[in-house]
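What follows is chain A paired twice: with chain B in the first complex and chain C in the second.
Right, the complex of A and B next:
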């Protein structure tokens, strides 16, 4: 049996086939897929660059020490492709810096999406399915309170408190990004939870749910498979890609605000690269290139989420 | 309160009240409904649209969402060797409304306290036990009762897996194909791969029947299984149901407006009018012109006969509103405004206007809810009706 043949049956195959059904020209799907492909390639490339520039430890009787990195000993690096766009404000090759900057948002954005999707789906599904009780009213109250604060303000305040509370925030980049991702994920939970709540609430009154109950399926099975998996995937897909793009925007916004909120100025980040664009020429490649990356990736991700969500919905006929 | 169980009955429902709360007031849908399904027998439940047939059966099968509203009575299932199971046990103590007593016409609000969620949990457990005993349901609208995003094979496979929890993937697929062939659908992977929107009305109804059968039930409820189908497909579905019910030795309830279908499939008949069961008896009573029937049952029969002979709406009372439907909470008999016996004065009209009739045994296992003192009046309804139509007797 071929590898594809093995995927012929089952729900995962259904999703795969839906995404891969390129029967008609859809610019959103093509542009969005290319955006994701570029982001993934950039991220892998960035990991590869990290490995290349990793400092090499040399042991020996005279005592071990770190020597120069592999990249630094490469001759005539000024001719490398990374310099095609020139240099950034810190005289680093702009092309490679754009690639390396993906580490400032890629994994944190995934973490943010995971937090929002898991918590939002859970809260929205439970409140929507078990209506008319304390569970529903309590969950809705909690979500309304969180949703009443603008997301970006909530993240800025939370990051500000965090930065003020640690001794060396600049030295803990990973932790800081994880905190931003967590705060944004939590701040996004109400948006997703309300969307799922409305969807589940509407489906809960559909006859197929009653039929599933009559056929002896458990609440977990009905909620998890019949409602969430089969009917809420478009919502989840849309919010996943939207939040991924939104995280890029938040990270660049915080970095643009300064080291106190975003990543330190010495660390590659699209937000850091556009910092200071108001001081020099607005059309300099050093500013245009990261701006294009920011706008293009957010646009592509949002369009892709929309296209995939629509394709899932089209399965209904 | 100990629930009453009729001898040899697989389901005994007594004093079932169902209502919904609309703007703080309670609208009754089923008022003191009762029915008995004998073991190995099929009960036909007939009545006009809005008479509460579906709500009655949905509630005694535990399919309602149980939002706070009125629900009371008892519905005792005696399936298999297990002790009888009353799915509505103790519900009166937890429902926010209680049935009317004495001179009250509509249900009254009562305190339910904090025990309601606990009762709901117990209710779910009892329903789970009921499913294990084997109960299937064929829904009125098959397209709506199938998940639009899941393929036929996935939905059928789930039902097979519920009946056989230890089955592997291949056995589940085999089971799904088997049930497809049982309902005369092409037993192939191509059929399993179809989405509900790719099915015709007849195919969707067959898939619905296959889904209900896949759980291997002992008790099957079919809610208007031929609604919306053309006459040819309808005949096929009725034939299919007839074979399944007889071959599988199933007990059950068939809800329908279609009297010929009921006559073919069922052993017993219950007639509902505006939320009340007005007649319950053997199916032979429907076809026998000498049998005492409730005037409403007689009206249904005559309408079906008129329709078959192309003589629809030849009635003198066409100016009235014979098609007004829905439950009413009022003193007296709910049928009196349309009742032939009432019109020709063969019953105490004051009693009809002030007292609600209770079911009276007119023959062996045959009960009619009417105030007439002489049962013979109900036997002669065909003659009375013919004279009334001819204008020989009147108001």
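Right, the complex of A and C next:
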């Protein structure tokens, strides 16, 4: 089959057709897509944001104007003129800090998703395809063992051991975030693997798999292309968005707990911004803005995952 | 039946043992490993030929023992003499088999696994003190969420206005997806809760646990899905045509899904309870695990994790037993050789 023919009949064409059908009204897809767009824009913005040239409000002594100084002379947690949301606990503009804070979860969440998708797909597919043997029982037992650890507790244990064993844990933020991402990804593997296991098991009884076997195609070809690539992408897409949202939940929760578990207070994270100012008001932007970012992101990603999965499932009857 | 139950119990025990083994292997490989040499050598009583280490990879026997407090010490490591400052010399840590199988599991059966370095008391005492709070909170939150989800499912199924159903569902989803820490912080900020632990605080913990982190929404959506499936079954149609009460016919069919959904939520709630306990200073297992992680208390972390994974595996065992008891197809399958 030519490359064009493969495209027309393959999963890529399915994805394209589904994208085109998204014009039909579905609030979950619209809200979820907007959430993803905002997160990506925030992340790209944060990459190009030069913190050193960030404007800082100089207060009354300098005539209430903005300077390009890095001196922290603006009041903490206050509504300074010219700043839409005021300042955070470190006297930085809250709006920009919220953008910067995407650094705490964006790449680690992608790493977490990559780990979960690769391992989950591999284990689930192997256990689902080679049924009835030691491979299936062994894989299922391994997945059950991993699934018995509550995810948040597993991450706390891993981070706790890491923090207790290095001299300067605050200076190794990247490593700590990578550790959170790795362990959360590993803890999510059973959820994804069981979903793939069920899918692969169901597809094994389909006629197209029987036909592929009759044509003498290899197990790798049948499993990798005909089952996983052509039929399981929606499951993977759904779990990708779920896990991305779940990573935001875990990262912000850990950062909220304190610098021993998540991101240190000196580094912006939506989790530590929620309590950073502690103004005692639920209407203060310093609380509302990060809280809305957290809830909105998780909600958007969850809805998008649901909508994508449901749409593909409906199309396939 | 007996064979099935035995199989499930065996699976539970295997999961419990393997989960602790996997965690121990990780802890053992980490820089804060329990096998790491920790105790300084007492040079007043030390003799030549005693086992000694500079670090995990440099272990051997003391080769020289100068009088008094020596500034340097020599250790024979595999035939090679290594000399370093005396302050780096340590007594070797326990071996893996000794620590895990004899020390931990052996101690567990004898009721004493050792002392927690974070709390300076036996690790099992810390677990026994915190368990009633955590287990109580988790199961209270689970029961409340399941009951509330059942009521909401009934209301949403029979509510005549689809747009109103959609609106209620959306509001519930938004509220329920809010993280536990935000809900708890909102209660604290408003001064709703006092800072000392009492019944109000525990009730608030239960409330934020069943409401937050998507717990209620997930149970509700799962139940709605099951009710939708059940309503399309023939016997429900027949009951409907006869004018019989649908819930009477549907509730037994919902028993199995409710058990499965509840069992799946326990592990998740055990994670959320860590945040709730820290927020409201409840002295449960979550709070203990945070302290143990902060202090690098490997023994307490292992003991807590064994207890928590044991609880999750036990709930899964109860679910399996309930499935066998409720669903005759499972029993028949085995008897038919399936």
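The criterion applied here is as follows: the second predicted complex is superposed on the first by the 262 of 317 C-alpha atoms of A that agree within 3 Å, B and C clash if a C-alpha of one lies under 4 Å from a C-alpha of the other, contacts with A are read in each partner's own complex, and residues count from 1 in each chain.
The criterion applied here is as follows: a residue touches a chain if its C-beta (ideal position, glycine included) is under 8 Å from a C-beta of that chain, and two chains touch if they have at least 3 such contacts.
Everything quoted here is computed from the prediction, not taken from an experiment.
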A:150 in the overlay: touching chain B, chain C, both, or neither? Say first, second, both or neither.
second
Item to complete: Could you look at A:208 and tell me whether it touches chain B, chain C, both or neither (first, second, both, neither)?
Response: first
First (chain B), second (chain C), both or neither: which does A:216 touch? first
Next on the checklist: By the touch definition at the top of the document, which applies to A:133: first (chain B), second (chain C), both, or neither?
Outcome noted: first
Item checked: Partner chain in contact with A:178 - chain B first, chain C second, else both or neither -> neither
| request: Answer with first, second, both or neither: which of chain B and chain C does A:299 touch in the superposed model? | output: second
Which partner does A:230 contact after superposing on A: first (chain B), second (chain C), both, neither? first
Of chain B and chain C, the partner touching more residues of chain A is C
Dual-contact residues of chain A (chain B, chain C) none
The answer for chain B against chain A in the complex is residues 61, 63, 65, 67-68, 117, 128, 131-132, 135-137, 139, 141, 144-151, 154, 158-159, 162, 169, 195, 197-198, 208, 211-212, 214-215
Chain A contacts chain B in the complex at 9, 11, 14, 131-133, 204-208, 210-217, 221, 226, 230-231, 315-317
Chain A residues touching chain C in their complex are 141, 144-153, 156-166, 249, 252-253, 256-257, 260-261, 271, 274-275, 278, 280-282, 287, 291, 294-295, 298-299, 302
Given the complex, residues on chain C that touch chain A span 11, 14-15, 18-19, 22-23, 26-27, 30-32, 173-174, 177-182, 185-186, 189-190, 213-214, 267-268, 270-272, 274-275, 278, 286, 289-290, 292-296, 298, 301, 304-305, 308-309, 312-313, 316
